[in-house]
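Each structure below appears as structure tokens.
Look at the two complexes coming up: chain A is in both, with chain B in one and chain C in the other.
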Partner chain A sequence: MYNFYKCQSKAISRVVAAGTTGVTAVSETIAPVGTRVCVRSFSGSSTSSAYQSTAISANDISTLVLVELHMKDPSETTILEILLPFLPTLQAFATGGTGGVSVFHIPGPGLISSEGLGVKMTIPANPQTGSANGGDIGAVFNLVYSL
Partner chain B sequence: MNNDYCKFWYTKTPYDVNGSSTPVSGVQIISGRTRVHALWIMNRYLNASTASTLTRPVSLLDSSGGNVLYKCAFINPTGGSDVNPNQYPLTSYSNYFGGNGILFEDGVWFGVDAEDQSGSIASNSKTAMYAAVIYSGGANT
Partner chain C sequence: MSIGYCNTFSTNTFNPAADTRTVLSSNLPDMFKFLGFVLTPTINNGPAVKSVYTFKLFDGPTSSDPLFTFLLTAGYISIVAGNSESYSMMDDTYIQVDNNLYIEVDTDGFSSASFPYNLTLMYC
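And then the complex of A and B:
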């Protein structure tokens, strides 16, 4: 068995202002190429805004925050992609929760990368402004890993 | 020893999970001797009239139409009374298996029941926004 040491963590967050277009990509290097990394768990959530009431379709994931874990090899080989759950409103807590922060454990031996690790978080924008459809889009992602 | 470490099968494409008739035969997602450690399903509730969530129980089988080694159902938002009707939460539910995981001797098949817990066979009741299986051993098909 390989030896891994105590867990470390990295928090990645960003808020994208309302009234913008396109997507915002946030990239972080957890460990450079050639480094062995073991991912133990991660958690995250995103916020949405009222615009989703008009700009969504059944199979549309473009309004969601996408997180990609990838190696740091030249082609940045994807290990895992995951859509972050979003925090709908305070009502969700009042009614027992239908969203919010999700914690994802990687049980058993963990997830290994022998070629370093990077995280790329892609956040959609809300092009709308105003009280009816405005609102920023925020996202946070916490990664727990060992080197 | 790398096989001791977890691998993922996942899809971020809205996943229509084989709504075949009962018993489900499943779709093979992993080949070879496999230990399954966890299952993630993420659903999305669109609005009161166009629900598009996976409401049917999900099974992991040891062969096509074979033994169901794990089966579970997911609690989903049920409508506008539970959430802000102008917003549509993505929900995430996870199932983790302890120890060394569940042994599948020759591959893993992913299937859903022919109907949901209310008896509905609505086609959109078998669509997950995202699905992932964490495993060691085997390989994605």
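And then the complex of A and C:
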């Protein structure tokens, strides 16, 4: 006898226009503190329409998109952290591209938080402008969960 | 309870209106269990290259939160097609759609008169 779980989804996305100098931070509450949430699957990607001209350093993840799932307890305990790199391989033709995590099914019964669930996403600055280097960048994180 | 076998529905869309939520198909039932989809754009150019296009799926014409959002790239060179996207539910999960599936794109360059985007839906 199988059990089937009716789930809900949440899409967190943001497009950052060319010429944006600061980091873009997005926060969403999936469920408030005290709520039991089970994360079942997710996908995430970043996309750049030209290329990300900022050098990516191994010691500096601020040039990448960072997605954190966290509980809604006072310390906002992190339960999942994902980096979504900008795809650099096509930059010779300035075509941009999409990099990230394809749909991931969390093994077993899922990832449980008994203290609610929130998502934080930070997208790096996109300071370049002009036809040579400028272009929008963006990031999206799709999440499927049950309450 | 059983989810049952998967049905598929596939459609090619040309020239979608920007920022206009439209029903995917009136041939689909209003209520079904969403199991997954594949989105394949074939854009070769948009009105503004070097942009990031947004594609959203909604349950119904008025819901504020999309079920899923995907970002697609229009590159600097006009021959570049957008990236394909997909989502599949786990074997024991589904999302209940109650008011039919609606789509919304943020640019009419998402597809053209010659280059559609394809959306194949898995449901039961």
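The rule is short, and it goes like this: the second predicted complex is superposed on the first by the 116 of 147 C-alpha atoms of A that agree within 3 Å, B and C clash if a C-alpha of one lies under 4 Å from a C-alpha of the other, contacts with A are read in each partner's own complex, and residues count from 1 in each chain.
The rule is simple: a contact is a pair of C-beta atoms (placed from the backbone, for glycine too) under 8 Å apart; a residue touches a chain by one contact, two chains touch by 3 or more.
Because the structure is a prediction, the values reported are computed rather than measured.
Asker: According to the stated criteria, A:Phe104 is in contact with first (chain B), second (chain C), both, or neither; which is it?
Answerer: first
Asker: What is the contact status of A:Ala11 with respect to chain B (first) and chain C (second): first, second, both, or neither?
Answerer: Second partner only, chain C.
Asker: A:Leu64 in the overlay: touching chain B, chain C, both, or neither? Say first, second, both or neither.
Answerer: First partner only.
Asker: Would you check which partner chain A:Gly134 touches, where first means chain B only, second means chain C only, and both and neither mean what they say?
Answerer: A:Gly134 sits against chain C, while chain B stays out of touch.
Asker: Should A:Asn142 be classified as contacting the first partner (chain B), the second (chain C), both, or neither?
Answerer: After superposition on chain A, A:Asn142 lies in contact with chain C alone.
Asker: With the two complexes superposed on chain A, say which partner A:Glu81 touches: chain B (first), chain C (second), both, or neither.
Answerer: So A:Glu81 only meets chain B here.
Asker: So in the superposed three-chain picture, is A:Ser41 touching just chain B, just chain C, both, or none of them (first/second/both/neither)?
Answerer: second
Asker: Determine where on chain A the residues touched by chain B overlap those touched by chain C, and list them.
Answerer: 2, 48, 50, 95-96, 98, 102, 105
Asker: Tell me, which parts of chain C touch chain A in their complex?
Answerer: Those in contact with chain A are residues 1-3, 49-52, 54, 56, 65-77, 80, 83, 85-90, 92-96.
Asker: Along chain A, where are the residues that touch chain C in the complex?
Answerer: The touching residues are 2-13, 15, 18, 40-41, 43, 45, 47-50, 90, 93-98, 102-103, 105, 131, 134-140, 142, 144, 146.
Asker: Could you list, by residue number, the parts of chain A that touch chain B in their complex?
Answerer: Where chain A meets chain B, its residues are 1-2, 38, 48, 50, 52-53, 56, 58-59, 61, 64, 66, 79-89, 91-92, 95-96, 98-99, 102, 104-112, 114.
Asker: How about chain B: which of its residues touch chain A in the complex?
Answerer: My answer: residues 1-2, 4-8, 10, 12, 14, 35, 37-38, 40, 42, 45-46, 50, 52, 77, 82-84, 86-92, 94, 96-98, 100-101, 124, 129-130, 132, 134, 136.
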